[in-house]
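One chain, chain A, links the two complexes that follow: it is found with chain B in the first and with chain C in the second.
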Partner chain A sequence: MGNNNLRRHLLVAALIALAFAVLPLFVTERYFLGEVIIFLIWSIVAANWNLLMGHAGVFSLAQMLFFATGAYGVAVATQFAGLSIWLAIPVAALAATLLALIIGAACLRLSGAYVALLTYAIAEMIHILIVTDTACFRQVGGSCLQLFGGARGFSRFEDFGFRPLLKADWILGNYYVVWAVFAFTIFALVVVIHGRLGLGFRAIRDNVGYAGSRGINRRKIQLIAFGISAFLTGLAGAVYAGHFRFAGPSLFEFSSLMFVLAMVIVGGLGSTWGPLIGAAAIMTVVEITKELGDARAIVLGLALILFVLFLPKGLAGSLERLQRATGLSRKPGPEASTSKDPA
Partner chain B sequence: MDILIQILVTGLTLGAMYALASVGLALIFGTLGMFNMAHGLFMTIGAYAAFSLSGYLGLVLPVGLLIAMAAGALIGVLTHLLIVRFMLTGPNFETNVMVATAGLAILLQDVLLKIFGAYPFTQPVKVEGTIRLAGVAITLQSVVIVAVALVLISAIAFLLLRTRFGMTIRATAMNREAAELMGVRTTRVYLQVMGLAGALAGAAGLMISSLTTLSPQMGGDPLLKAFVICVVAGLGNVWGAGICAFALGLLEATVQFEFGVRFGFPVMLLLVILVLVWRPQGLFGRERVVRL
Partner chain C sequence: MSDSQPKAPSRRKFLKTMGISAGSTAMLAGLNQSASAQSSEPVKIGCPAPLTGIVAADGIEFRRGLEMAAEEINAVGGILGRPVELVFVDTESKGDDVVIQAAQRLIDRDKASALVLGYNLETGTALHDVAADSGIVAMHSNTVVAHDELVRSDPEKYWGIFQYDPPETFYGIGFLDFVKGLEDRGEFTRPNNKIAIITGPGTYSTNIANAIKDNADKYGLEVSLFESVNVPISEWGPTLAKVRADEPAIIAVTHFYAADQAQFMNQFMSQPTNSLVYMQYGASLAAFRDIAGVNSEGVIYATVIGALQDEIGSGFAEKYVGKFGDTSSPNGGGQTYQALHAYAVAAALAGGPGEPYEEDRNRMVADRLRNLIYRGPMGTMRINPDGQSAFCYPSQTNDPSLGMPHIFSQIQDKAVGGVLIAPSPYDVGAFKLPSWMKA
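Right, the complex of A and B next:
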């Protein structure tokens, strides 16, 4: 059954990638393209968090730390090491992976809430260390710049360099760079989720004991999930830095973490396409409420509480139920697999 | 010698506040098996309640403390009635409840921000003055903090160990079904635990705000410390949390004095991770045997 499922979801991935590839032919408004770029970036981050939390069952709260590592990696590599941004992007993603493997090795001896608390504490610790850093690393334009940018962070560093090349259409260049990372991510995630590795992830998530007795090594499998998720998230952070020319501590504040968590939960934890739906839904709602004044935190908080209480499978779960009710569904995907056993 | 006393006083004060914060957290985890991400906001609400109501009722500390604890207990009970109650028996409770309480935390923080603004008010409910001990000036407020923490934690200990009420809590924590069969109304126990932990958090919030200032995000830092303390003690271990709180408070004060304030938490966390590599179930936690 796995193969059929894989092929079906690969087709969906191809259609989604194609739709976003041709989108700039119909929409040329720069503001809108900018919003779509942000959407693509957040859906990568949310989808990877879903891989880790929804499929592998690792409740990590360090997701934005890996995103920030990607962004900081690009900033530090271009500013201090003089690397070209195209080289800095993979380097930054690898740095995020390395950090994830170290954190994973330290945390994955534990399970459940312990992992959540430790990953959160580590992310907060790094946040505090960066924000309180005042030692000058280099003088830039008469002012002091810390190794990791201090409380202000980095801004106005080298971007993708499309401005002189494409003139007024520079945003198209940025768009397709982000699109490439997005397309790569969704194909990679479909292959992982619906392949043997994904089966291993869910086996561990659903019952550690049984999976272990079948010869699945929990720590190894969860470490792999950590690594893949952090690499793709770091990649997203790197192109974020390239697009916005910014990397700062606000990227991994608690509110950013909750913003992406809301996307994952609203979309549907443990689904394949839920995080994309969630990212679109949350961004739309936040955009609408912007006009009503600053209600972002209230909306996100309410969304988290209400979805956990009333729609724990998220919008993706409701869509699936709708499909089944109208008789349109084929075989149940891994989304329909049973939830965690109490053992 | 002076320095030693100084470090000792700072460490004990920090430890007392951490103990108030983490004992409640551990109590909730031990009984309900839930990690309360909104615990920091319970503290903040306690502090703000004392700040805004004590003006009408007089600025005496006992009154302020009662107000803070009542507000904390109220928000704890409401959280249980409005959110936690419906999730207890559902699947994935551990993850879901963390997500829901995290959502509650950002919601409440924003509400506080909208009501009071971001201005860092000073807490009026506190004791002024210093006493001298072997040539070192100690603020009366730190003495009060340590005293309040000791009294409240002893009261909790008495409650849990010596009363029927405490016995029902311990029975529910050990085995919910068995407790129910013995006639314990576990749903009521859960409600009481949330109220009790909320009251402790409210007291912690008042104490913390008396040393720094009031702000909507003031609960974040002590919550982080309380997390780490609960993890190193072994989740849900109330006594371990109390002891670890004082130990880590003293450690943090020493590191802050020797290496600078910004390294206090990182060193603490590093040590905790090393402890967990050695004992994954926490210092005071018992290894759980899982039957398939």
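Right, the complex of A and C next:
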């Protein structure tokens, strides 16, 4: 069953990746492609947060810090170290992984809400250190540039370089770079979630005592989840920075954290495809409510509350229930379960 | 950068001339009458503005300013018979990424012929590539030297991007010159030689603070405190404790959020020091006086784009407040109001605006804007071809009809806003020693 499950999800991943690969053949509007790029990036972040929180049971609130580390990594590496962006991207993702392992090693001595509090405190501390830094690290023209960009962040560093190459169609180049990272991520996550590692994650999440008695080391397995999740999230942050030529503290503000968390919750925590569905749903809601101003945050908050109360397994869980009710699915999917073996 | 030194006109003659030549709407009406209507299709003007978030007070004024200008323009026939239609996207007081997507949406979805906006909380050059790639004109008041540097680096690419006010680099020296002027005229005597500088973390605030710090010694001042605060900030206790521990003659707050500045004054006034208090920009907004109330009286503020208190500026302010209420701020709304009027005149002179990606037509509008000397309620907008920002009076030109004035005001009555006290010929009142200072 395990191999069948993995194959089924790999097939779904291939179909999703293919659908996004051919999308620019039908839609060429720059704004729309820009929105799809953002969707792909938030999907990666949400899916990796889901891996950590939904599968490995680590309630970390440092996810946006890892995302920002990827973005800042590209900015610092290209602007200060003069690295090519193509080299800066993996370096930035590795920097996010290293940071995650350090934070994980410190935080995973604790569990549950304490991990959430400590990870959030670390992210917030780094945020404040960056935004309050006014010391001039380098003078750029008439402006002072701080070591980590200060409150304004970094901008106008090297991008993917498609403007001179593709002229007016430069966004297609950016699109396919982000698509490649997205495709890599969803295949990697399917393999992890539906492989032995994912089994280990869920064993720890569901019954740490029992998993421990079977020889699974909680700290080690959760540290691996931290590392994988941070690497892929850092990769997303790196391509985000490359696309927008921007890395700033707004990337890991509390509002950004809540925005992505809403995607995970609405999509379905602990599922495989829920975060993608959640990202699409939340981005659609945001697009529709653009005119509402501050009320937009209320709509998002309300959606979050309603889903937690009435649809705790999110849209993915509801879809699965619907499939079962209509006879399209004969048995519960492994990923929606919070207590059963996925194989 | 200074122009040659022409003889300054007399104050009366200058203001009279300006009053006569202020009929920009009439000029647009004349252009509309002499031209046959191009079409009835509206000219879409896009505005990515911070309508929510920390600087929403300004964003709302930017929207109001555009709405008022559009009404006036449409009342005289729009732009060559085409009505102006405004489209707004909220940038949530966020950074480059959000501003870029907002601008792209306005261009691709709403087909904006131009972007006319105030400032956003971005790095100062976020929308430049979006507008340049789409071949449209963009006018902003980010007030950053980074704009000039970018445009100068590739003028062929950024032909259509204008900063319709001077960059922030003139604030620091301008402030020190202003204090020196007060001292030279005997209006202010510093109790000691210390200056406390309190900055926010943004580039704008930091650049101004650094300019004051770097030049203070040339004016015989010693920096006794250089404090960077995390924003938004409502608890000023720790900073004020440092100020009170080593009383300075001057306190310069370059962090510019109106609400934060108001809280500073509320807490400062519980135990004031014998110091002149200068605040950057935020105190020019009605929100500052609303929150600080009587504690706002005595504060000096400056802006390189504020409503003047002459015939044109006061007329605009009266109409603006009449339309949007007592809590509205002509200093904020006047920016986009003036910019849209200037754009409409330039577009009409150029034979009409183009759609997005109609670069040739939009280049003609940009050429007109580049050569336009436009006098509005905020003063004269004349674009410096080297960097495409507005010239600053008196830092770059001593002819007030050729530069946007760097104005200093003092709040002397919380009910009526600041009194413009410098530079001449725009000053309408004199500096008064704040109530908390010893004569």
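We take it that the second predicted complex is superposed on the first by the 331 of 343 C-alpha atoms of A that agree within 3 Å, B and C clash if a C-alpha of one lies under 4 Å from a C-alpha of the other, contacts with A are read in each partner's own complex, and residues count from 1 in each chain.
Here is the rule we use: a residue touches a chain if its C-beta (ideal position, glycine included) is under 8 Å from a C-beta of that chain, and two chains touch if they have at least 3 such contacts.
These numbers come from a predicted model, not from an experiment.
Colleague: Which partner does A:Thr132 reach: the first (chain B), the second (chain C), both, or neither?
Modeller: It touches chain B and chain C both.
Colleague: Where does A:Met258 make contact in the superposed view: on chain B (first), on chain C (second), on both, or on neither?
Modeller: The answer is first: A:Met258 touches chain B but not chain C.
Colleague: After the superposition on A, what does A:Gly248 contact: first (chain B), second (chain C), both or neither?
Modeller: second
Colleague: Report for A:Leu117: first if it touches chain B alone, second if chain C alone, otherwise both or neither.
Modeller: Once the two structures are laid over each other on A, A:Leu117 reaches chain B alone.
Colleague: Considering only touches as defined above, state whether A:Ile305 meets chain B (first), chain C (second), both or neither.
Modeller: first
Colleague: If you stack the two complexes on chain A, which partner ends up touching A:Gly153: first (chain B), second (chain C), both, or neither?
Modeller: So A:Gly153 only meets chain C here.
Colleague: Once the shared chain is lined up, is A:Ala106 touching chain B (first), chain C (second), both, or neither of them?
Modeller: A:Ala106: touches chain B, not chain C.
Colleague: Where does A:Thr326 make contact in the superposed view: on chain B (first), on chain C (second), on both, or on neither?
Modeller: Once the two structures are laid over each other on A, A:Thr326 reaches no partner at all.
Colleague: Looking at the overlay, what does A:Glu35 touch: chain B (first), chain C (second), both, or neither?
Modeller: Touch partner of A:Glu35: chain C, not chain B.
Colleague: Do any residues of chain A touch both chain B and chain C, and if so, which are they?
Modeller: Of chain A, residues 128, 132-133, 296 contact chain B in one complex and chain C in the other.
Colleague: Sort out for me which residues of chain B touch chain A in the complex.
Modeller: For this pair, the touching residues of chain B are 29, 35, 83, 86-87, 90-92, 94-100, 102-111, 220, 224, 227-228, 230-231, 235, 261-262, 265-266, 269, 272-273, 276-277, 280, 290-292.
Colleague: Name, in rising order, each residue of chain A that touches chain B in their complex.
Modeller: Residues of chain A touching chain B: 53, 59, 106, 109-110, 112-114, 116-118, 120-122, 124-125, 128-129, 132-133, 207-210, 213, 254-255, 258, 261-262, 265, 269, 295-298, 300-305, 308-309, 312, 339-340, 343.
Colleague: List the residues on chain C that touch chain A in their complex, please.
Modeller: Result: residues 51-52, 89-90, 94-98, 100-101, 104-105, 107-109, 122-126, 129, 133, 144-146, 148-150, 167, 169, 199-203, 206-207, 209-210, 228-231 of chain C touch chain A.
Colleague: Enumerate the contact residues on chain A facing chain C in the complex.
Modeller: It comes out as residues 29-32, 34-35, 38, 128, 131-134, 136, 140-144, 150-156, 163, 168, 170, 240, 244-246, 248-251, 290, 293-294, 296.
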